[in-house]
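Take a look at these structures.
Two complexes are shown next, each including chain A; its partner changes from chain B in the first to chain C in the second.
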Partner chain A sequence: MNRLRQFVNKAGWPRVIIGFFLLSLFVAAPFAEVSLAASIKDTLVRFGMNGVLVLSMVPMVQSGCGLNFGLPLGVIAGLLGAVTTMEMGITGIMGFITAVILSCAIAAVLGWGYGKMLNRVKGEEMVISTYVGLSSVMFMCMMWLVLPFKSPAMVWGYGGSGLRTTITLEGYWFNIIDNFLAIKIGDFTFPTGLFIFFAVMAFLVWAFFHTKTGTAMTAVGSNPDFARASGIDVNKMRTISVIISTVFGAVGILVYQQSYGFIQLYTSPLFMAFPAVAAILLGGASVHKATITNVIVGTILFQGILTMTPSVINSFLKTDLSEVIRIIVSNGMIVYALTRKTTKVKS
Partner chain B sequence: MSQNLTFTEKLKNFFISNAVPILFVVITLLAVPVSGFSANYLIQEMITRIGRNSFLVLSLLLPIIAGMGLNFGMVLGAMAGQIGLIFITDWSIVGIPGLVLAMLISTPISILLGILCGSVLNRAKGREMATSYILGFFINGVYQLVVLYFMGGIIPVKSPSLVLSRGYGIRNTVALDGVRQVFDNMIPLKIGEISIPLGTFFIIALLCLFILWFRKTKLGQDMRAIAQDMKVAQSAGIPVDRTRIISIVISTVLAGYGQIIFLQNMGTLSTYNSHDQTGVFSIAAILIGGATVSRATIPNVFIGVILFHMMFVVSPMAGKNLIGQAMLGEYFRQFISYGIIAIALVLHAWRRQKDKEMERRSLRGVKAEKQPQAEK
Partner chain C sequence: MVSEQVVLKMENITKDYYGNRVLENVSFELKKGEILGLIGENGAGKSTLMNILFGMSVISETGGYQGKVIIDGKEVNFKNAFDALDAGIGMVHQEFSLIPGFTTIENIMLNRESLKYNFLVEVFGSRLKTLDRTDMKDRAEKAISALGVKIDPNMLIAEMPVGHKQFTEIARELDRKNMKILVLDEPTAVLTESEADILIQSLKRLSDLGIAIIFISHRLKEIIDVCDKILVLRDGKTVRESPAKETSIRQIAQWMVGRNIEEKKDEVKNEKKLGDTVLKVENLWVDMPGETVRDVSFEVREGEIFGIGGLAGQGKLGIPNGIMGLYEAGGRIEVFGKSLEMNVPVKALKAGMAFVAEDRRGVGLLLEEPIDWNISFTVMQAQNKYLKSFIGGLVKWRDDKKISELAKEYIKILDIKCVDEKQPVQELSGGNQQKICLAKAFAVNPKILFVSEPTRGIDIGAKKLVLDTLKQYNQKYGTTIIMTSSELEELRSICDNIAIVDEGKVAGILPATAATEDFGLLMAGKVDESKEKVSAQ
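== the complex of A and B ==
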C-alpha cells in the first residue's frame, strides 16, 4: 500500500488517472471490435512520429524559456528543407538526409534570431512565442504562393505557380525510416527504424545535458540570478537552447512527414505546437523542468488516447467525441501546468 | 519635466509613443488607392464595422486597467453570448426583446466563466496572457461538448432548423433572421447613401460612459492601484484577488454582449467558428489603436477599430490588384493581425525589462546611502 502511494506520488495523479484510462481503453478494445494489434501498432507509430517534436520542447524548458509555443518556426524550417530537397529532385534516403541537413541549417539561423528576441522579453516568452509562431506561419503562407518553385510534383497543376497544400512524399522518402529494419509479425508491424531514430535523438539530448554547456543551461533555467553570479552567460545559454529546440522541431517535422506520407504546407504548422506541448506536460513536465522520461511517458499517453478514443469510445457511444476530448484534454493539461507552478514556488 | 521639452523633442516623443498607429495610417494610405474601392463604400464599411466591433474591443479595457494584460479570455464571454442567441432563436423571440433576452441568458453564464477565468488567472500571476489564451481553447472544447452533444439532447432545443438531423447538436450555421440588425435599425438614420446604425452607436456610447464612470469609482481606483503594484495594494487593504476576478467577470460579461451586438449585425451565427477570431481581432485592433499591454484608453479602441478594419477591407483587394492573387491579401491580413500582436507584446516586454535593468542600476547607485527599501 505504501509503495503504491509512493508510486502515485512520484508519477503524479494526472498521469495515474490518464494511464488507467488508456489501459481501460486497451482492455475495452476487443469488446468494441477494434483490433488490438492494429491499435498498438498505431500507438507505436504515432509515438515515433511525434516523439522528436515533443523532444524539441526539452531544451527550452530546461533553460527557463518556458514551453515552446514557437514550434511552428522549427516546423517551417523543416518544410523549407523538405520542399527545397524535392525541388532538387533528390529521392530516397539521400533525399531525407539532404532535407535534414538543409532544415537544420535554416532552423539554426531562425532559432538564433528567435533566441535573441526571446532574450529581450524574459517572463513573457510563452505568449510572445505563440504569436511569433502564428505570424511567421502566415508569412510563410504568402511565401509558399510566391517562392519560385518549379517541380511539377509540388506546384498547383493549373496556373503553374504556388505550392500545393499537401505534397505527397510517395517516390521521395515516404516511410523511409518506418520501414528501416521493420519487424513483421502477422498483421502487426513494429516500426524499428522510427524507434532507433527517436532513441538516437533522445540520447543526443541526454548526452548534451551532461556536457558542460548542458549543465550550465539547466542552471540558467533553475535560477538565472545564481547562474549569472557563477559566471554563466545567461543570454548565450538561452539562445543555444532555442537554437537546439528549433533544430529539433525541424527534424521532428521531417520524421513526422515521412511517416505520414505528405508534406502539409500553409496553415498546418499551427497545429503542431499544441499537441507537443500537451504531450510533454501530460508526461509530468512543468513549465520549468522537463526530462526525457517526461517526453516518452507523455507522448505514449497522449498519442495513445488520440489513437484509442476515436475507435473505442465512439463505438460505444456511437458518436464522434474524439475531437472534443482531444481539445479538452490537451488544453486542460496546459492550463493545469500553467497554474501549477505558482503554488510550487510559494511552498 | 514635460514643460522643459522643446518642440522637436515633443514631436519625437509623439512619434515614438504612437509608432504603431502611425505605421498603420501609412500602410492604409498606401493600400487604399491600390484597392480601387470608392470612398462611399469605404465610409459605409467603416461605420458598419465600428458599430459591429467597438463593443467587443471596449470589453478589453478593464483587465488592462487592472494590470492583467490583454484578456484573451474574452472568447469565453463570446461563447456565452452565442449560447444566449441559440436559445432565443429556438424560442423564436424576435426583435429587441429577443436580443435583450439573449443578453440576460448570457449574463449568468458569463459571470460563471468569468469567475472561473479570474480564479485560474490568480493562480497564474505574471502569466495571465498565456494562461487566458489557452483557457480560451479549453473552454472552446467544453463549448463544443455542450453545443454539439448536449443541446437537443440533455438541454432542450427543439427547433428543427437548429438541431442536426441526427437529433442532437446545433447546426453549423444558425440564421438569426428574427434579430438581424435590430439594434442597428432601432433608430434609422441615413445620410446620403450611407446608413448609420445609430442604435448600436448609442449602446456603445453608454458603455463608454460606464467605463469612464467606473474608473472613478472605488473599485476602479483599486484596480489601478493593483496594476501599479500588487503587493503595495495588498498591504493597503485592497482585496487583490477578488478585485482581479471582478475585472475579468465584467470583461467577460461585456464580451458576451459585444458578441451579441456583433452577430446581430452579421445576421448569421456560425456556431463553431464565430468566436474563434473574436479575441485575436479585438486584441489586434486595440493594439493597432496605440494601446499597450498595460495602458489603454477609449480613443485607442476607436482608432484601432477603424485602422484595423480599414486594412481588413482593403488588403485582399490590394493583394489581388498588386500580385493577382486574392489569397495573398488574405494571408497578409492574418499575418498583420498576428504580427502586430507579436510586435506589441515584444515591445512591451522589452521596455519592461529595460525598466527593470534601470531600476537595478539605480539601486546600485543608492547602495552607499544604505538602501532605504530593505523591507519585505
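== the complex of A and C ==
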C-alpha cells in the first residue's frame, strides 16, 4: 500500500489515471474487434511522429521562457524548408536531408527574432508566444499564395499559382524514416527508423543540457538574478533556447509530415502547438521544469489516447467521441498545469 | 497583568516532516496577559509550532501533528487559519501583509468594515451595504491608541515608515473583538531601535489589557525586557522553560545554541601586515533602488578585511553591488592596478573578485537546484572549471562527478547540515543556505571577496561560524575581504578598517579599534567633527 502511494506520488495522479485509462482501452480493444497489433503499431508511429515536436518544448521551458505556444513559427520554418526542397525537385533521403538543413537555417533566423522579442516581454512569454504563433500563421496564409513556387506537384491545378492546402509527399520522401530498418512481424510493423531518429534528437537535447551552456540555461530559468551575478548573459541564453526550440519545431514537423504523407499548409500549423504543450504537461513537466522523461511519458500517454479512443470507444458508442476526448484531455491538461504554476511550498 | 487563568495550553506537540522530526514533546502554558518569549535557532521548530497553533494548511498537508492544543480548557483542532482567527488567535508575520494603496483605516478594517444599511440591501442582499467611515475611523483609532502610538489613520501604507506598518499590522489584529492570543513573529527585525522600544511598550500595554502574547525574536535583550516567561527550543525539543527574570542574555544564548559562546571582546588583535593596494575605488556612483551610492572613494590593501557600515538605506549595500556590476554604476575602479570595465558582472568575476550577496534567496541561490549545482555554478561558468572538453573545446561537458566532490568537500569544511549534496537548497535552513553562498564564493578562489550582510536572518551559532570562517579564510589564503554589514559590533569584531557610509558618501574611515562613539558620530552624519578626529589621529 505504502509503495503504491509512493509510486502515485512520484508519478503524479494525472499520469496514473490516464495510464490506467489507456491500459483499459488496450484491454477493451479485442472486444471491440479492433486489432491489438494495429493499435500498438499506430500508437508507436504516432509517438515517433510527434515526439520531436514535444521535445522542442524543453529548451524554452528550461530557460524560463515558458511553454512554447509559438511552436507554429518553427512549424512554418519546417514547411518552408519542405516546399523549397520539393521545388528544387530533390527526392528520397537526400530530399529529406536537404529539407532538414534548409528548415534549420530558416528556423534559426526566425527563432533569433522570436527570442529577441520574448526578451522584451519577460513574465508574459506564454501570452506573447501564442500571438506570435497566430500572427505568423496568418501572415504565411498570404505568403503561401504569393511566393513564386512553380512545381506542378504543389501549386493549384487551376490558375497555376499559389500553393495547395495539402501537398502529397508521395514520390518525394513519404515514410522514408518510418520504413528505415522497419521490422515486420505479421501485420505488426515496428517503425525502427522513427525511434532511432527520436532517440538521436532526445540525445542531442540531453547532451546539450549537460554542457556548460546548457547548465547556464537551466540556471537562467531557475533564477535569472543568480545567473547574472555569475556572469551569465541572461538574454543571450534565453535567445539561444528559443532558437533551439524553434529549430526542433521545424525538424519535428518534417518528421511528422514524412510519416503522415502530406505537407499541410495555411492554418494547419495552428493545430500543432496545443497537442505538444498538452503532451509535455501530461508527462509531468511544469511551466519551468521539463525533462526528456516528461517528453517520452507524455507523448506515449497523449498519443496513445488519441489512437485508441476513435477505434475502441467509437465502436462501443457508435458515435465519434475521439475529437471531444482529444480536446478535453489537451485543453484540460493545459489548464491543470497552468493553475498549478504558483503552488510552491514556502519553507 | 498576568492572571491565573490559562488561555492556551499546548501539550506534547510532536510533528514530523517526511520522517524528519522537527518537534518532539513540546509543551507549554500561556496565562491571560502573559508574554511568552519563544526562542530558538533557525530550524529549531518555532515556526512549525506556530503553524500548528494557527492551523496552517502545511501542517495538515504533511500528515498533521500529535499532541493537544487546548484553548480556554477546550481541545481544538483547527482546519485552517480562519478557524484560528475565530478562536481569537491573531498573528503578525515577519513579512508585512498590508495593501500598499489603502489607508491605515482600510487596512485595519479590511473584511471587518462597519456597515450601513441602504435600500439596495432589500433587493440585492447584505453585500451591498455601504461603509460607515466614521465608525471605522473610531474603531481604527481605538486600536491604534491601545498600542500607545500615533499613526495618521488616513495615511497610505505605501507612504509609511516601516515601523508604522508594523504597528498597523498589530492594530489590525487588535481590532478583532475576541482577541485573546497574539503571536508576533520577529516583529522588531525591521524596526530601528527606538521604534522597537515603542513596540515593546505597546506589548506591555496589551498584556495589561489581558491579551496573552507569544513573542518570537532573535534580539535577546528585548525578550528579557518584555517577556514574563521564556521557552527555548533546540532541534525541536524544549530546552528550558523559565521565568524571564531569572535568566540573563548570556544564559539564554547558551541554551539556544547548546554551547558556550566565547567572549569575543578584549581579544588582542595580532598586528597584521597589509600588502599593496589591490582595490581602488574612485568617485563611484551606483543606481541601486533604496541604496543609492553617490560619490564613494576608498582603497583596500591586500590581506585586509575592510568593513563597510552605516545605517540601512544610506548606500552601503550599493557599493559591492555596483562594483560587481549588478546595478548600473559609474566612476573608476582599479583592481590590482588595472582599470575594471564596469556594469559587466563577468569582468568583475574574471578580475578575481567574488560576491556573497545580501539577498540570499533572490540573487544568491538557485533554490530549486541541488547543493552541488549552487556551489559549482559560478566557478564553472566564470573560470571554465569542472568541465570536460571534447572536440577541441567545442563541447564543454559538465563534470558531474567532480562537482559532487567539490560540494562534499565544502559540506564537510563548513559543516552544512543536509541529507546529501543532491538536496535542493530551498529545503535547508537560513544559516546553511548562507554557508552555501560562502562555499560558492570560496570555490571561485577569489583574491577579493565581497560579503554583504553575511549574518542577516541567521541565528547566533551560525553567525559565529560564518564570521570565523571568513576570518580563517583571510588568514589562510590572504584573501582580501570587503564586508558590508549593518551590525557595527560584527564589523568591529573581524575588520581591520571600517568605512561608514552616510547619504551615499563615505563619512569616514576608521580603524576597527576606534571608539564606538566615533562610529556613532559618523553614522549620525556629523561629518565635520569626525573628520577632524580622523585627521587628528
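We adopt the following convention: the second predicted complex is superposed on the first by the 344 of 347 C-alpha atoms of A that agree within 3 Å, B and C clash if a C-alpha of one lies under 4 Å from a C-alpha of the other, contacts with A are read in each partner's own complex, and residues count from 1 in each chain.
Quick note on the criterion: a contact is a pair of C-beta atoms (placed from the backbone, for glycine too) under 8 Å apart; a residue touches a chain by one contact, two chains touch by 3 or more.
Here the structure is a predicted model, which means the values were calculated and not measured.
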Open item on the list: Once chain A of both complexes is superposed, is A:Val109 in touch with chain B (first), chain C (second), both, or neither?
Closed with: neither
TODO: Name the contact category of A:Ile128: first (chain B only), second (chain C only), both, or neither.
DONE: first
TODO: Check whether A:Lys212 is in contact with chain B, with chain C, with both or with neither, and answer first, second, both or neither.
DONE: second
Task: Touch count on chain A, higher of chain B and chain C - done: B
- [ ] Check the residue A:Val8 against both partner chains and state whether it touches chain B (first), chain C (second), both, or neither.
- [x] neither
- [ ] Check whether A:Phe226 is in contact with chain B, with chain C, with both or with neither, and answer first, second, both or neither.
- [x] second
TODO: Considering only the touch criterion stated at the top, classify A:Gly332 as touching first (chain B), second (chain C), both, or neither.
DONE: first
Open item on the list: If we count contacts the way the header does, which residues on chain B are in touch with chain A in the complex?
Closed with: 120, 123-127, 129-131, 133-135, 137-138, 140-142, 144-145, 148-149, 323, 325, 327-328, 331-332, 334-335, 338-339, 341-342, 345-346, 348-350, 352-353
Open item on the list: Going by the contact rule set out above, which residues of chain C touch chain A in the complex?
Closed with: 58, 324, 326, 345-346, 348-350, 355, 357, 359, 362-369, 373, 377-378, 380-382, 384, 387, 395-398, 400, 426-427
Task: Interface residues, chain A side, partner chain B - complex - done: 69, 117, 120-124, 126-128, 130-132, 134-135, 138-139, 141-142, 145-146, 162, 274, 319, 321, 323-324, 327-328, 331-332, 334-335, 338-339, 342-343
TODO: Provide the residue numbers of chain A that touch chain C in the complex, in ascending order.
DONE: 207, 210-216, 218-219, 222-223, 225-226, 228-233, 289, 345, 347
